[in-house]
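Worksheet: the structure to be examined is printed underneath.
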Amino acid sequence: MESVMEKRIMWGDLDALGIVFYPRYYEWFDGSAHQFFEVIGIPHDRLWKDHGIVFGLAETQCRYLRAGRYHQRIKILTRLQNLNMRGLTLEHHIIGAEDGQSMIVGTEKRICMDAKNPLKLKVATIPEMVYQTLQKALADNPGTDAHDSSD
Amino acid sequence: MESVMEKRIMWGDLDALGIVFYPRYYEWFDGSAHQFFEVIGIPHDRLWKDHGIVFGLAETQCRYLRAGRYHQRIKILTRLQNLNMRGLTLEHHIIGAEDGQSMIVGTEKRICMDAKNPLKLKVATIPEMVYQTLQKALADNPGTDAHDSSD
Amino acid sequence: MESVMEKRIMWGDLDALGIVFYPRYYEWFDGSAHQFFEVIGIPHDRLWKDHGIVFGLAETQCRYLRAGRYHQRIKILTRLQNLNMRGLTLEHHIIGAEDGQSMIVGTEKRICMDAKNPLKLKVATIPEMVYQTLQKALADNPGTDAHDSSD
Amino acid sequence: MESVMEKRIMWGDLDALGIVFYPRYYEWFDGSAHQFFEVIGIPHDRLWKDHGIVFGLAETQCRYLRAGRYHQRIKILTRLQNLNMRGLTLEHHIIGAEDGQSMIVGTEKRICMDAKNPLKLKVATIPEMVYQTLQKALADNPGTDAHDSSD
């Protein structure tokens, strides 16, 4: 399973060198992560309201291969790289929409948090139904073996 | 050498859970990196105008230890972790200003880019004078050996 | 002439109440303004590189009618409201993409700036060719008289 | 009563012309508004938790007098301009911290919203105790008559 988000780089995404200010890429990773959960059938609202959980951030990382420029069209490709009982890793890949060239690659390591009380977020085990949905998404990755890893 | 930036978390930094939206931490890393270069005597303006270089991003990474909350006072501590002829790694540490507890740790790997023509950024060697300044900042790290590593 | 930009509200656009943090609307106004100039045939790059001008901000204003929510699909409709020798006013209207209900209305009053030296921006007269393009866009507004006003 | 917030313009606040991307000013208005409420003794947390209200945005407006530049130190001065039973107007003034020159002037018209259920924000009357605090802040404005207006 791979979700795709299309976007166009805006003036306000640029820094004084005329290239994308790098925290923006993380904003798009986060937006694409939310879309990914929705596409596989466990949108944030359902996770939060039905299961009382969110997938909070443990660690993020990003490599910058080419600088994004004004009004360039890009695609953010997101898929599950890794899954275990307490969390998962999403892999994000930003490419030029026209030339398909790699621009950015990064990951978000997210952990399952009990968010019933948002003032006291705490680590939790992924609910069974949610876990199965994620496992299926992992198995559906193009060109990947269907084994979930234990990280 | 360690530079310190103080800040207060604002309403607009929060997400719908009432905790800091994570790309903001990277915005503060970047702001603190700029201050670091200024503090050690090679501010961005001088690097760009006098030497025709910028320290562009190659890779960033961040771990989230505790969630930042509304109106919390924080400190961003930044120092040079690593230096070689073509680039450097900055280490950022965000702590609560009152309790001193670790909130966020992260790094920015930056490479020296020839930016005389911002439309054609290309990798360059760090100018000698700039390199010496950085080497001195590395040597002045509290509790660190003064050897530059070649990464 | 009316340009339309479609967008989906993301998690990162929300504040701690779960509604859009209002400066985001201005980011979208700005993005839609850039698209508007492109659609009518005078994209930013051409204005800046060929004519040495930008349309800088003199004043912006916005009214909030309904709060934008998580993952809502919206449209930003932008058209020229007003034109004179030295500047123009853009009118932005954000509506729900599904229900068509008004969410946000606002304006940007922009003035023609000589930007040949970005360090010394100064007020300028709109170049003739650019003015004619704008006048045509104003005349093509749906349900509006084709007279440019002198503000 | 006037609250003052000091700030330094960061690299990430700039656009490709090297001047502040204008939605940032609104972010700082909002941050300064929150500080204002805190300074006069009715911080957001108390409004929300004790009184079940927030001061939501009805309208904002801003004029740009001078462009903010890299690493410039600024002050955001905020005071109450107007008060009635259902809302208030804050006036924000951004000046250079060194030269004192006006950079930005703007207003936020905020209305009292019942936020007990954030999913159903609705207009409300300002609670008596809160109103008195605001009235006192209005009376304490430097060089202003102490009458609240009914807008």
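Per-chain residue numbering starts at 1, and chain names A, B, C and D are given in the order in which the chains are listed.
Definition applied: a residue touches a chain if its C-beta (ideal position, glycine included) is under 8 Å from a C-beta of that chain, and two chains touch if they have at least 3 such contacts.
As the structure is a computational prediction, the values presented were derived from the model and not from experiment.
Pairs A-D and B-D differ in how many C-beta pairs touch across them, and the larger number is found at B-D.
Look at the CA centroids: the one farthest from the centroid of chain C belongs to B. The geometric centre of chain A is 35 Å away from that of chain D, both derived from CA atoms. Centre-to-centre, using mean CA coordinates, chain A is 24 Å away from chain B.
Each chain gets a centre from the mean of its Cα atoms; for chain B and chain D, those two points are 31 Å apart.
Among all residues of chain D, those that touch two or more other chains are 11-12, 17-18, 21, 23, 27, 30, 70. The touch graph of these protein chains is complete, with an edge between every pair of chains. Note for the complex: chain A touches chain D at residues 11-12, 14-18, 21, 23, 70.
Interface residues of chain A, counted against chain C in their complex, comprise 10-12, 27, 30-31, 34, 38, 43-45, 70-71.
The part of chain C that touches chain D in the complex is made up of residues 17-19, 21-24, 26-27, 30, 54, 56-64, 67, 115, 118-119, 121.
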